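Labels A, B, C and D are assigned to the chains in the order they are written; within every chain, residues are numbered from 1.
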Amino acid sequence: MNVLSGKELPRDGEMLQGEALHARLDKTWRRDPGLWGWVTTTDHKDIAHRYIVTAFTFLVLGGLLSLVMRLQLATPESGLISPDRYDQIFTMHGTTMMFLFAVPVMEAMAVFLVPLMIGSRNIAFPRLNAFSYWMYLAGGILLWVAFILNIGPDAGWFSYPPLSGPQFSPGKRIDIWAQMVTFTEVAALAVSVETVATILKQRAPGMTLARMPLFVWVSLVVSLMVIFSMPAVALASSFLIADRLVGTQFFNPAEHGDALLWQHMFWFFGHPEVYIIFLPGVGFVSEITATFTRRPVFGYPLLVLAVVAIGLLAFGLWVHHMFATGLPRLGYAFYTAASMAVAIPSGIQIFCWIATIWDGRPRWETPLLYVVAFIITFVIGGLTGVMLASVPLDLELHDTYFVVAHFHYVLIGGAVFPLLGAITYWFPKFTGRLMSERLGKTSFWFVFLGFQLTFAPMHWAGILGMPRRVYTYPTGLGLEQVNLLATIGAFVLATGFALFLVNSLMSMRRGTVAGANPWDASGLEWATSSPPPPYNFPHIPVVSSRHPLWDHRDHLPVMTGLRVDDRELLLTTVMEARPDLREPSPLPSSWPLWAAITSTILFISSIFTPWAVLYGSVPVAITLIAWFWPKGPVTPEPVIQ
Amino acid sequence: MSGGDGLDGALFNRLFALFLIVSLTMLALVLAFLAAAWFRRGGVRQDGVADENGRASREPLLRALLIGWTALIAIGLIGLTFASFLTDRGMADAIPPDRRTINIIVTAKQFWWDVNYAFDNEPSKNIRTANELHLPVGVPARVTLKSSDVIHSFWIPNLAGKQDLIPGRVNDLVLLPNRTGVFRGQCAEFCGIQHAHMALDVTVESRAQFANWLAAQGKPAPAPASPLQKAGYLYVMNRECSGCHAIAGTAANATVGPDLTHLMSRRSLAAGTLPMGRAGLYAWVADPQGVKPGNNMPYVGLDANELHAVTAYLETLK
Amino acid sequence: MRLPKGRTGCLSHPPLSPPCIQGGRLACALFLCLGLTACDREQRSLNGQPKAETIALANDPRDLSYQENSYQLSQGQRLYKWMNCSGCHANGGGGMGPPLMDDEWRYGGRMEDIVRTILHGRPNGMPRFEGKITEQEAWQIASYVRSLSAQQGQDVLSARPDSMSASEPPTLAERGKVLPENNLTGPKDEQN
Amino acid sequence: MAPLVAGGKVLVGNAGGEFGVRGWLAALDAGSGRLAWKAYNTGPDKDVLIGQAFRPFYPMDRGKDLGIHSWPPEQWKIGGGTVWGWISFDPASNTIFYGTGNPGPWNHEQRPGDNKWTAGVFARNVSTGEAKWFYQTSPHDLYDHDDINEQILLDMPVAGRMRLVLIRPGRNGYLYVLDRQTGQVLSADPFGYINSSRGVNLRSGRLIPVKEKEPQAGRVVRNICPTASGAKDWNPSAFSPRTGLIYIPHINLCMDLGVLEANYVVGTPYLGAESKVYAGPGGYRGVLTAWDPVARKPAWEVHEDLPLWSGALATAGDLVFYGTMDGWFKAVDARSGKLRWRAKVDSGIISQPVAYRGADGREYVAVISGVGGWAGALVSAQLDPRDNSAALGFVNAVRDLPNKTKSGGRLFVFALDG
């Protein structure tokens, strides 16, 4: 089919090759120069970079808070910080880590990696991607500015009403928290939609579902989980803010609202949330293991099934957070069984990774060390999780430091260790340079041992009867030593993180320059230069197996025919990834930023008056209309082979 | 170590031991496999090229192992689920419904426990105390749990698991202590600024001792004797104290704060914040917000004489 | 967008907002918009040690630290029930006692007037609470009483208590101010 | 209450059941004014003047010191049971009959037990004060059902036998017919809409409560009928010997009730409840029922839009006079209920009309206008209707009152043949 003037349009392939092609593509895809270009960019790599940097900033902030808490808890009856401030601190720690670090950083990794792994030039809906980052940033800043102003939320990251309701949480603290949730929900939902669309429609020709890298599978499952779970918490936080601001009665038992409604809605999101954070770790570990053992991951189909199974099961076990609320006992048995069932796919995964190492030729470099740390830590966390799934054990251990230990084992062990490994592994793809292996190993040991020293004693503290969320504990209950140990451990752990950050900052400038594929890995992201050019691939690669680079070490087959004078993506079919359409990819735009600014104004002012929702929607609508204003013929065209 | 001093606790310990053994076994298996993988030198690549030592892939062996491993996990989980379910049933059925029990109504408030021993047929024998439970050994106690503000959680680690106290709902819990002793309970659900200082003293004693305690608690407070005590009595009756507290036998009958009738018989002050005693009383009455910031007892600003008098009177409330 | 006017922002009231000075002066300046609504409105001073009186004619300095403070207001809300104010005044509509949510104040509607009414009582049934509650508590209750007629900024008020829903949420109420903000004349005693 | 002079005694009681008082009835010697006796309605038997002569009909009222044992410790001292209503005197037996007020606080969870001797009716020897019998209409009263309403002493056939009875339309909605010698309940029939109880068990004498309508702390119970003000409040009924009917001015209201912890502070209300009142089934709020006590059913009913808060007056001319809260003073036919005459006065009527023959020999009917009290406080005390819990929720039921009447306070006298 021919368009416009009938003149042949510039395309890659026969017409353009080599340097000329690079130059032409670069002109088309490069972002505008200067600050303006930085602000308006729609390049998924740029946005992922700033997402990751922001998320790690929040990690550092949240980590500093945890150090303050550990200092307070190092000795019994300590008067270091006031209880009011302590409540804000632990709330901020949990909120920051869950909403502002863990979920966004995992999404950011997907935003960076998925288009590269599936051989596409950009993510789907790149402007939405830009918008999501600004929303996330605004939510994070809102929360932290509030904290600095001493109006940080203080009802815990779970914010159970009635404690978080209008009567027992005066002021705007909880409203700020609830609106922060709204910000991050918008951001997360946006990214998830992009990721799903990208994965389903933009895979390189030949990359059938069964040939997708495991991390892409995980991203698909996680994004769908986000789409299904996050609306629950967005709704819950809207209910809460309505209760607090306009006097609705959702959570007021006196007027036949129900305090437990919140818990159901929150944990319907909150439990999948844990897997949303953990499953990307599964993806990282699978990729790292394959690369560093130089063997394809054992049991690929099983791993995929396990990920899908966990994704489904995650929605059926939120009630195990509520065993102490006095729900009917028979119902508990179902949730016990469902919670325990998660151990089966997890166990299969663990086996597959160890089997891969066992059967491969492992190179013990930092990323693989993190995998081993992950396996050990996550297995321990999983086993304590099985204990907590049992109703009688949970009733004893619930809301104690045993649970604190458990979920840090699962979340840090299951998600942060793989993440640190993943950062080390893909660092050359981010920056073009390798991280220092020596410093990397040092920081690994600090992190791993510091972690165990911090959180292992907490199991014991919980069994001894130390409840969570206390700003102090009395002398003489035998809690002194375990808490002191944990505090020491926390500082060791913090040292490890500090070394990791130092390593990444130093390596960014002075690290060994990496080639396109420094680890001899198999995925498509290694088929392009490090860091990748704005257009990712000069030609769209064609895939015929799960390990394209191992199969075609020297010459990856490519397909040609995409326009080079316009941003164009190749769309393929959902299952078989046959080339289908050529789709224009949006140009840089400042409208996502303006839309984010107007939305921010709407969200923040709706903390103060419900009318803001009405008035504030006008500028939001204006910016959205400008953003979506049609700009000439943009219909996708069939592929010309 | 928690558990073991009540029926639930004992069942908990058995179940916990079972879980611990199974978990440690699984962990040991994983670690052993991991160690084997660490020390094994090389296998193959997918392209079928044998490694330097000529060893071929052991894919079939791994498949068999995986099936075994999955089966092992499944069997273990089914076993644990059943054990857990049976224990749960055991806890629920341990006390026959027709067995005579002691009825206790515990109402959680920010940040203390209002405890009522309820005798349905004779309400005049009811006893109101605060932040402490006395239980006769071997007699089941049915605890009705209510909250008058936010969600709290009732937890006596040595005797039983937790149960939340949720406004607008009524929960209950049966305690069956099988050993005498002194235990500590604690609010387990974050309930606000002084969640950390919301403890409950539990005394499990013989039936005779318990009967004595009940009888003593049922008595009204004695009249003040010394002039200082009388001055304190007058202050308590006529000033801020009586707006929130009750003392049986006097005109003070308020319910906002803990009942003070037998204050000195308790083990601690302010829900486990201070040990009971003259020093604690002085500190608490003089500046409750300094001791437990954010609790609902206001700073009254007693002058020294008033403080001496009030404390002297409170010390008569044995 | 309708942000409340920043009457008592961080920068305008340094004596009442130590954390702003210590920790967040920079942040305050940067995020003035948010800051104006925060800080001392959420300050939780738990100890009721009386603050010194200033010159007689000026408003009592405790005015703002209680009335424009959401924590003190919420404590007042609790005490209003605990001290049985609601028994006579209901949730502001009155009953055995006069309504508190309307714009008529027999004994003056400023914080000081209300505190005086609470502490000293008034003829025809208003009991004297002096010595029954502390002065701090009287100020807290007065703050809540003023909130019944939506006298404070909306960012201080809470929409409803966790009890029976009785009246329109004060956060939504548009009511005229009873008295000018800085009424430097004497109390309007015995007006009615 | 208005004192009653009977048997040489001036009888006075106390009010304030919402303030944590302890109710009593005292008899002053009419000649000297000296206290002859004083009977408390809670506490030990000797305070209640319960002695050898006390013969309650039902086992639930028998026992030593029930005024203590049916209360939690100390609560009887502030338990209410005031006497602010009507006392009836039977000269033949030298007995007075009166009802006792509600137990306090309203939050029943704070006073488990039957709460003797509140919310019931006492028969006492007027000379000594000694109790003869007691019947508790609402043991462990849940809804502020003071039992202070009037008692009508009649001799009438019950099940074919002439009995000396005492008839009282109670707050809880039942028209009780008691044997006034023994305190036995001969019948208890609902005269208004009731959903909070299922009747009265004539064997045990106990009210049969409806569990779902029992207030509980922290959760509002909706649609309780009758309300705290009762199916009928204090405003007395009239009996006409000519028609044999009892004319009951009452109300048709329901309520949402939420109880919360009441804190006892001397001199302040001791309630622990919030309520919202609204019109009952049918939408009308006041009723004048002509009740046939022999047939045990209403003969006719007149519905009034506003709650009927005035007493009724039956005259020998077979007219029944009553006033409405919007200021109509009405006379209806005593046999059919048809409106015969009405006059508008300046304010609502919540008083009891009286008829008398004046010094000039003419007959007059007099009534005082001026709304107020619980029902009319919205107008008389200028309450704020934006709070629907104002005046213990009653404001919610009469939001339209300010449009229909204004406060007042005048005596209107109508000449019958003028």
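The working rule: a contact is a pair of C-beta atoms (placed from the backbone, for glycine too) under 8 Å apart; a residue touches a chain by one contact, two chains touch by 3 or more.
Quantities reported herein were computed from a predicted structural model and do not represent experimental measurements.
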Between B-D and A-D, the pair joined by more C-beta contacts: B-D
Distance-to-centre winner among chains (Cα means, whole assembly as reference): B
Separation of mean Cα positions, chain D and chain A [Å, integer]: 68
Centre distance in Å when chain B and chain D are each reduced to the mean of their C-alpha atoms: 48
Interchain centroid distance [CA atoms averaged], chain B/chain C, Å: 38
Whole-Å separation of chain centres (CA-atom averages), chain A against chain C: 44
Two or more partner chains touched - positions in chain D: 218-220, 258, 260, 262-263, 265
Chain A, residues touching no fewer than two other chains: 84, 162, 168, 253-255
Where chain C touches two or more other chains, by residue: 44, 78, 82-83, 132, 162-164, 168
Category of the chain touch graph - line, ring, star, complete, other: complete
Interfacial residue positions of chain A with respect to chain C in the complex: 84, 142, 145-146, 148-151, 162, 165-168, 170-173, 243-247, 249, 252-255, 601-602, 604-605, 608-612, 615-616
Contact footprint of chain A on chain B as seen in their complex: 1-3, 8, 11-12, 15-16, 19-20, 23, 26-27, 30-31, 33-34, 36-38, 40-47, 51, 57-59, 62, 65-66, 69-70, 73-74, 77, 80-81, 83-85, 87-88, 91-92, 110, 149-151, 153, 155, 157, 160-164, 166-169, 171-172, 184, 186-196, 199, 272, 293-294
Of all residues in chain D, those that touch chain C in their complex: 18, 220, 256, 258, 260, 262-263, 265, 267-271, 274-276, 377, 381-392, 395
Chain A-touching residues of chain D, taken from the complex the two chains share: 218-220, 222, 258
Residue numbers on chain A that touch chain D, as the complex places them: 253-256
